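First the structure, then my questions, so here it is.
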Amino acid sequence: MSIVTLMTDFGLKDGNVGVMKGVIWSFAPQAQIADLSHLIGPQNIREAALILARSAPYFPSGTVHLVVVDPGVGTNRRQLAARLGEQYFVGPDNGVVTQYLEWVQARRLTVDFVHLDRPQFWLPEVSQVFHGRDIFSPVAGRLAAGMQLADLGSPLSDPHRLALPQPQRTPFGWQAEIIHIDHFGNLATNLRLEHLPGIENLTVRLAGVTVQGLVRTFGERPPGELVALFGSTGNLIVCEVNGSAAARLGARVGDPVQVQVNT
Amino acid sequence: MSIVTLMTDFGLKDGNVGVMKGVIWSFAPQAQIADLSHLIGPQNIREAALILARSAPYFPSGTVHLVVVDPGVGTNRRQLAARLGEQYFVGPDNGVVTQYLEWVQARRLTVDFVHLDRPQFWLPEVSQVFHGRDIFSPVAGRLAAGMQLADLGSPLSDPHRLALPQPQRTPFGWQAEIIHIDHFGNLATNLRLEHLPGIENLTVRLAGVTVQGLVRTFGERPPGELVALFGSTGNLIVCEVNGSAAARLGARVGDPVQVQVNT
Amino acid sequence: MSIVTLMTDFGLKDGNVGVMKGVIWSFAPQAQIADLSHLIGPQNIREAALILARSAPYFPSGTVHLVVVDPGVGTNRRQLAARLGEQYFVGPDNGVVTQYLEWVQARRLTVDFVHLDRPQFWLPEVSQVFHGRDIFSPVAGRLAAGMQLADLGSPLSDPHRLALPQPQRTPFGWQAEIIHIDHFGNLATNLRLEHLPGIENLTVRLAGVTVQGLVRTFGERPPGELVALFGSTGNLIVCEVNGSAAARLGARVGDPVQVQVNT
């Protein structure tokens, strides 16, 4: 039983996600299909990259991740499939694999990319504006049905990578930034557990406010209080207990965050 | 073929629901998974309780309902699994089972709760802020794969129950309240068919307006008219035909509703 | 392995879509179920008709399409099931099949309609306001499980059809209109490739602006530019590259579009 996940910026109202499932099941009738997100901001490749990296490790070996955020559809941007460790990726060559590829390479797992340059494995007619349906879904379906990656296209060694913002060391700690705002309005930074080993006494400054100390979970403090903690993905996050830090602070992706390590 | 349903307040944009499916399929590769709702209001346990109670009876025997609305994640609130009649529940001990439990007990069906206190059945690493992924999804997957409830934790006899608003008798009928507003803006009250046996001549007052009589369905009256009827769950609802009663009346959950029984 | 697709105007927050899946799986435990859209505008049958017609051809033979946009629920509007070519339709007799039926008939494929008039194939209790759950889901599940269409009801020859807006020829080209606005804010017109065979030099006027020429895809022009092209469904669409033409132009479904064919 193989699994396919879907992530796009298509939204949920127009039927395009359903159509992709129809195509995938045409090639892999037994495939389980999970939506990761179809509410990626339009053309927001970075957001999709972040969600892919933190989601993929929780899927079983052999899962195929189809990610279509594709402002370059129909131009000469390449289309890819890849084996990344024990899982597969299919989508445009737009850098969306960057963070997950780092995770895989840090574990010294196998990585193989192919350029999807064999139209015989796509739908017979290819629209210039919906490769998700006409190229990527057939390829994902074929992988889910057991076809070998190497048969789908020519080897490729230079996938596009995003230049992602890295936290910078300062005399007193770190200069970080907000990289994601979730459904609850929690603010995720690019500072991670690895940057702060064993450190519990922090001061976080962002959007004109100061948050003292680290908590382990929301419920340690009363509703309405701002807290800092490590989220379920290992990133430092700033939250309002039972509320929206984003709405309260007017914070946005890209906003700076100063983290002072107290001794 | 077992079924798992998912209900959360996680929203649909961040990938967290997809991740839970990946974990469930790691334990139960064949499971069918249906989303009930991921747009429960943040921390709104009552709303999830209502939707669980009216949805669960339509699922086949053996279905596992995973409900994660969890402001207390990572604190000392307990985590539960239960057999409720012929179906299963998994989630935090927050009272979300209250109404479905009443439905099951009214039918004198078997009820068994366990405290999920055996970490060997969870993911190896447990985040303090995402038990849905790390505790509840593995448990739901194991139940779907046929593991026995009693093996997952210690027996528990006092699950948390919500104190839900009950309609009150008045000299002329009932004092009720709005307990849910649906996607169409229809207003559901806590007054049910059982409270009004055989009664067809009602006057409903709410938000400064009066609705006379009961209809059987929307299409009996012209678009724009306010009507009262029994909804598909057996609750008395107030609706604007082809419109939104909530938008028109500015009504909210918790608003009072007077129902006068005319003779 | 049979497939069922679901399209409704129910939204995603109230659990009603999940309940329909529970009922379908009660009859067809192995069925794959794909959501096409549950964000159809309330009572907007035309929008559902458009999405059905452009989605259904991408599903495998034998797929059952359940479409419930049903302002007439509980009145004397009929309920239908149909074989349309190699696929099935189930839903109220509201004209939602119109465009897909035209597609099927243009290909001279078999068409059979039945009036769902045999309550023994529904749920035992039928609400007057949720036939999607109580009538259509059991019927869709039975079709997915292999039951014959002809057994589900009496033959019917006059399904309701929508009167859809047709583009009109003018001395200089075509008078068209906007028939759909997608998640990205792209504006789809009712003018199709068939109306403009081999034509590449167009001038499109709508909402007070003029768009010159046709592009093949978005990425041919810089972000922010308005372009006209044929979308993935063969309709002429007007888009803002990496932006929302709908938001920029304040355009709405039904707005007129003049297309001048230049020689």
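Every chain is named by a letter (A, B and C) in the order it is written, and numbering of its residues begins at 1.
The rule is simple: a residue touches a chain if its C-beta (ideal position, glycine included) is under 8 Å from a C-beta of that chain, and two chains touch if they have at least 3 such contacts.
Here the structure is a predicted model, which means the values were calculated and not measured.
*Asks:* Hey, what chains does chain A share as contacts with chain B?
*Replies:* Expected: C.
*Asks:* Same or different for chain B and chain C, when you check if over half of the residue numbers at their contact belong to both copies?
*Replies:* Since fewer than half of the residue numbers are used by both chains, the interface counts as different.
*Asks:* Quick one: report the Å distance separating chain B from chain C, using the average Cα coordinate of each chain.
*Replies:* Once rounded, the distance between the two centres reads 31 Å.
*Asks:* For chain A, write out the residues touching at least two other chains, lowest number first.
*Replies:* Correct list: 12.
*Asks:* Okay, in this complex, where on chain A does chain B touch?
*Replies:* Touching chain B: residues 1, 3, 5, 7, 12, 32, 34-40, 51-52, 54-55, 58-60, 63, 180, 182-184, 216-220, 229, 231-232, 242 of chain A.
*Asks:* Would you mind writing out the residues of chain B in touch with chain A in their complex?
*Replies:* Where chain B meets chain A, its residues are 9-15, 17-19, 21-23, 25-26, 29-30, 33, 42-43, 71-75, 77, 127-130, 133-134.
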